[in-house]
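Two complexes are shown next, each including chain A; its partner changes from chain B in the first to chain C in the second.
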Partner chain A sequence: MLQITEGSLAVADAVGKCRPQVIAAYPITPQTHIVEALAEMVANCTIDAEYITVESEFSALSACLGASAAGSRVYSATTSQGLALMFEVCFNCAGMRLPVVMTIANRALGAPLSIWNDQQDSISLRDSGWLQFYAEDNQEATDLHYLAYRVSEDHSVLLPSFVCFDGFILSHTYEPVDILSQEEVDRYLPRFRPFQRLDADDPISFGLFAAPDYYMEFRYEIDQAAKKALSVFPKAGREFAELFGRDYSGLVESYRMEDADCALVAMGSLCGTVKDAIDDLRDAGRKVGLLKIRTFRPFPAEEVKKALSGVSRVAVLDKNISLGSKGAVALEVKDALYGSQIPVHDYIIGLGGRDVQKKDIARVVTLAEEGKGDLYYGLREEVLK
Partner chain B sequence: MRELRIHGRGGQGSVTAAELIAVAAFEGGMHAQAFPAFGVERRGAPVQAFVRFDNKKIRLRSQIYEPDYIIVQDSTLIKDVNVFFGMKEGGIAIVNTEKAIDSPVPKGVKVITIDATSIALQKIGLPITNTALMGAFAAASGEIAFAALEDAVKRRFRGDLATKNIAAAKAAFDAVKGAA
Partner chain C sequence: MNDKAACGLFDSGHRACGGCGAAMAARLMLDAAGKDTIIVSSTGCMEVFSTPYPETAWKVPWIHSLFENNSAVASGIVASLAKQGRKEKVVAIGGDGATFDIGILCLSGAFERGHDFTYICYDNEAYMNTGIQRSGATPYDASTTTSPAGSCSFGNKRPKKDLPLILAAHGAPYVATASIAYPPDFKKKVEKAINTPGPCYIQVHAPCCTGWGFEGEKTIAIGKLAIETGLWVNYEMENGVVTKVKKVVRKPVEDYLIEQKRFRHLFKPKKNETEIAKIQALADRNAEKFGIDITLKK
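Right, the complex of A and B next:
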């Protein structure tokens, strides 16, 4: 049923309906409303889960790791410095092939301290083995949780997932969201069926020790599993579309890309503003389109290459910066297009919550057409002196 | 698409006002989006919240720079903040004050003053003005019907508190309608 609600509350509702058995999280802005709502659901017995209160994010994800290894469907949520504190446990979850699902309310990393949005936090965990899905609006943010459990728990994948939605810009926005009923979610997401689990009567061990003669093989298998998600995610998206009509089967999504001369590439809530900007530019006769990246990990290089094959130039909007190199999305796009003659321009934009308006998108398109790229968009003049 | 920017001070309920207005607009069959401009909020510091209205899905996520409407919860903000920034001709500004506005107003912007603080003190017993200003906004803009506003307030507040807030909204709604 279509309801108007806050993004965080819509996400908490969706998570509750995924029937997690163990939730462990530590509150941090702008993720707090999600875990507050879930703690309330547990306290009121509206969901049948164990809520473990912990003293840090490191402990939160450690508790999830243990509970997942013991055979439970688990959930956590965090952002920014909280995710940074989970770094070690993130690699362990992926290495032990535990299908943990965690919401990231994307936020900048300090120092300097910033509570505002960019995507540096989840992007910085790109090499951890976690799958990463990015939401454009709160409908997609809620729905991606259902898909994330399906994909993570698929026995051919067995890797944890981040569902990323932009902090404040989505987490604190009220907008209409179609809220699924418990029966509807149950039809899509079956009860958790662990591939293997800790069992005192039938002991196994997780994640112990690999000497040089075996470590590489483990890494290879994790990498293969992540790539397997390139086919499992579209299937999960198609099945969701069959039941509820909303189609997330694309690892990428094209908007007005037919006959586009300049393609913008973006992830997350920025895509909404970009679509409105594109409509204005199209009205003015400019041939511009958007390629939205839904799954950053695994990276859909083939789909990106195919979608961008006909354009004259590409402008990537990166809400992150791999310091000393480039924006992380641009690096991937350049890799996908390697060997083609299509220029790829990178624009670092909207870091630390700097607002991005339609006119900024129009300006980026003009810069790309002039061949001016690989820059921080909208910097204060004084730092360039 | 129409856009509303609410100027208030931390603690005055600007964010709640934005949410309630969006809920009321949605209940009235429109698409609506409400969000705050998060800063380093302290009680009394200037804050902003935003609402968009449209008859189709709203995709735009930037803050609001050219509002059709503004609500100013505290007229002392006018000397600190350029509350009228970006207002279009034909725009409507609803200002909580018991006096006339003595600062310059952009050409073509209609200013509606309402003593929402007195209404809130009288009807709710607290100087919390957001529901009174919602009533004034409903009357001045026509974006939300009073019945939808009532629904939104009832969803947020229970029992006596809902009744008092609806009374405050109604008093402001009638005052603006009466003046028009």
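Right, the complex of A and C next:
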């Protein structure tokens, strides 16, 4: 049923229908509306979950880790500083192969303090073993939660997932969203079936320490599991499409890429603006297309390479910066295209909530065509003086 | 031990030092708690010596995540078990570094929220796993590698943090101190804690031969001396009120201090009467506060 609703509320509705048994979360802007909505569902018994009001994000994810190991489907949500505080637990959840699903309402990291959007927070956890899915709009943000549980809990994957949607830009925006019924969600997402759990009748030890003669093999297996998601995610997407018509089977998505000369690469809500800008540019005769990255982890290098094989230049829009290096998406794209002659230009854009408009996208395309890249787009020179 | 036979849920063959007080605490704790117990361990000596992959000494379900989050992990397990209608008891266990210092945020949160679990701190009074650094539980004047005695230092500058009182102030229904030198008492307290609804706390004194500097066969004797000098008091608090105290005919603190290398600087090159008097004053204060003195009839 199509409903005009706030992004956070649509996400909370989807999460509730995934039937999490334990929810642990801590308030932080711009994520808070999600966990407030879930608390309300618990208070009114519309969902059957234990809701732990923890004293920090660190404990939120730690509680999820424990509950997941004990055999429950779990959920948390956070952003920015909260995610940074979870850093240690994030690596633990992945290392212990616990299929936690967590929403990230993407926000910049301090200092300086900023509550506004970029994607530095989740990007900074790229090496943690969490799968990372990025939503373009609130429909996708909502639907990706169903997929995330399916992929994370798949016994050939067993890794936690971030569902990333841009803070404020999506989380606080009202859009029409097709809200699935509980019966529909139940048809897609089966009850949680833990691979193993803490159980007095079958005692096992979780989280042992590994000496140098075992550690590397653990890391290898986690890496293999993450790469396994490259095939599990599309399958989950196809099944979703068969049931509900919306197709998320692509790890990447191409927009007007046929005969494109310049390809823009982006993740998240920026893709919507880019698509509109491309329509205008195409009307003006410019051959421009978009490659949207849906899964940043695992990174779909093969799909990226294939999609970009025919273009003359690539312009990557990075809402993050690996300080002292480049934008994280550009680094991945350059790696995927290694050996080809296609120039990849990186544009650090929209950090800390700096607005990105259609005219900015058009300007980026022009810069790329002029061969000017690897720069921060839209710096205010008067501030730097 | 006359109450409950050792049930072997904490298996032999682990890597603890001979005479390790923490290993005794683990064994006694499981003897009392029984097989329907889920253990949530913090990082530390006990975790490392009992679970080198692919081996484990634990014959009950056991989980270790991080140094400082066992209380939060336990919160999640308790919530999960409640949702599943399962009846296992949850016991979080951590050393004094994990409990007094780095994990106190998670511990405070879990106690304030009132989860039904028991937290056991095996208190060996320093960070032993990393090589004997001071913690908030290190006693006054103990020499550690980060509070070494030197020409202008007598060792650790502060007395122990009163963590049991802090947790009692959270409204914990049951808080107790114990010692591995008194096994039946410790086991009774474990049983009481796990059968009391709500968050319960036991701080068990676990002498560390390596860190404190005494021979491994003296662990129990050292533990007893701590009690007999009044530097460690075994007591129970129910709903914030002290209900039971182990009384002793007190010995001078010197008897305890002189046995341990961590206090050797108080005796060599010459006896430091001033500092020993300060430690005696701490014991006297304990004796007065808890009324531990047995007055011998003449």
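Note that in this section the second predicted complex is superposed on the first by the 381 of 385 C-alpha atoms of A that agree within 3 Å, B and C clash if a C-alpha of one lies under 4 Å from a C-alpha of the other, contacts with A are read in each partner's own complex, and residues count from 1 in each chain.
The definition used in the following text is that a residue touches a chain if its C-beta (ideal position, glycine included) is under 8 Å from a C-beta of that chain, and two chains touch if they have at least 3 such contacts.
If you're wondering where the values come from, they're calculated on a predicted model, not measured in any experiment.
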Of the partners chain B and chain C, which touch A:Val74 in the superposed model: first, second, both, neither? second
Look at A:Val265 in the shared chain and tell me whether it touches chain B only, chain C only, both, or neither; answer first, second, both or neither. neither
Once chain A of both complexes is superposed, is A:Phe209 in touch with chain B (first), chain C (second), both, or neither? second
Between chain C and chain B, which one touches more residues of chain A when both complexes sit on the common chain A? C
Which of chain B and chain C A:Ser62 touches, first, second, both or neither: second
Output check: A:Thr173 vs chain B and chain C. Expected answer is one of first, second, both, neither. What do you get? first
Between chain B (first) and chain C (second), which, if any, makes contact with A:Ala200: first, second, both or neither? second
Under the contact definition given at the top, report the residues of chain A touching chain B in one complex and chain C in the other. none
Please give the residue numbers of chain C that touch chain A in the complex, ascending. 35-38, 40, 47-48, 51-54, 56, 58-66, 68-69, 71-77, 79-84, 88, 105-106, 108-110, 112-113
Provide the residue numbers of chain A that touch chain C in the complex, in ascending order. 21-22, 24, 48-50, 52-56, 58-60, 62-72, 74, 88-89, 92, 96, 198-200, 203-211, 214
Per the touch rule above, chain A residues touching chain B in the complex are 4, 6, 30, 115-116, 137, 168-169, 172-176, 269-270, 272-273, 275-276, 353, 355-358
Residues of chain B touching chain A in their complex? 18-19, 22-23, 26-27, 31-36, 38, 58-63, 65
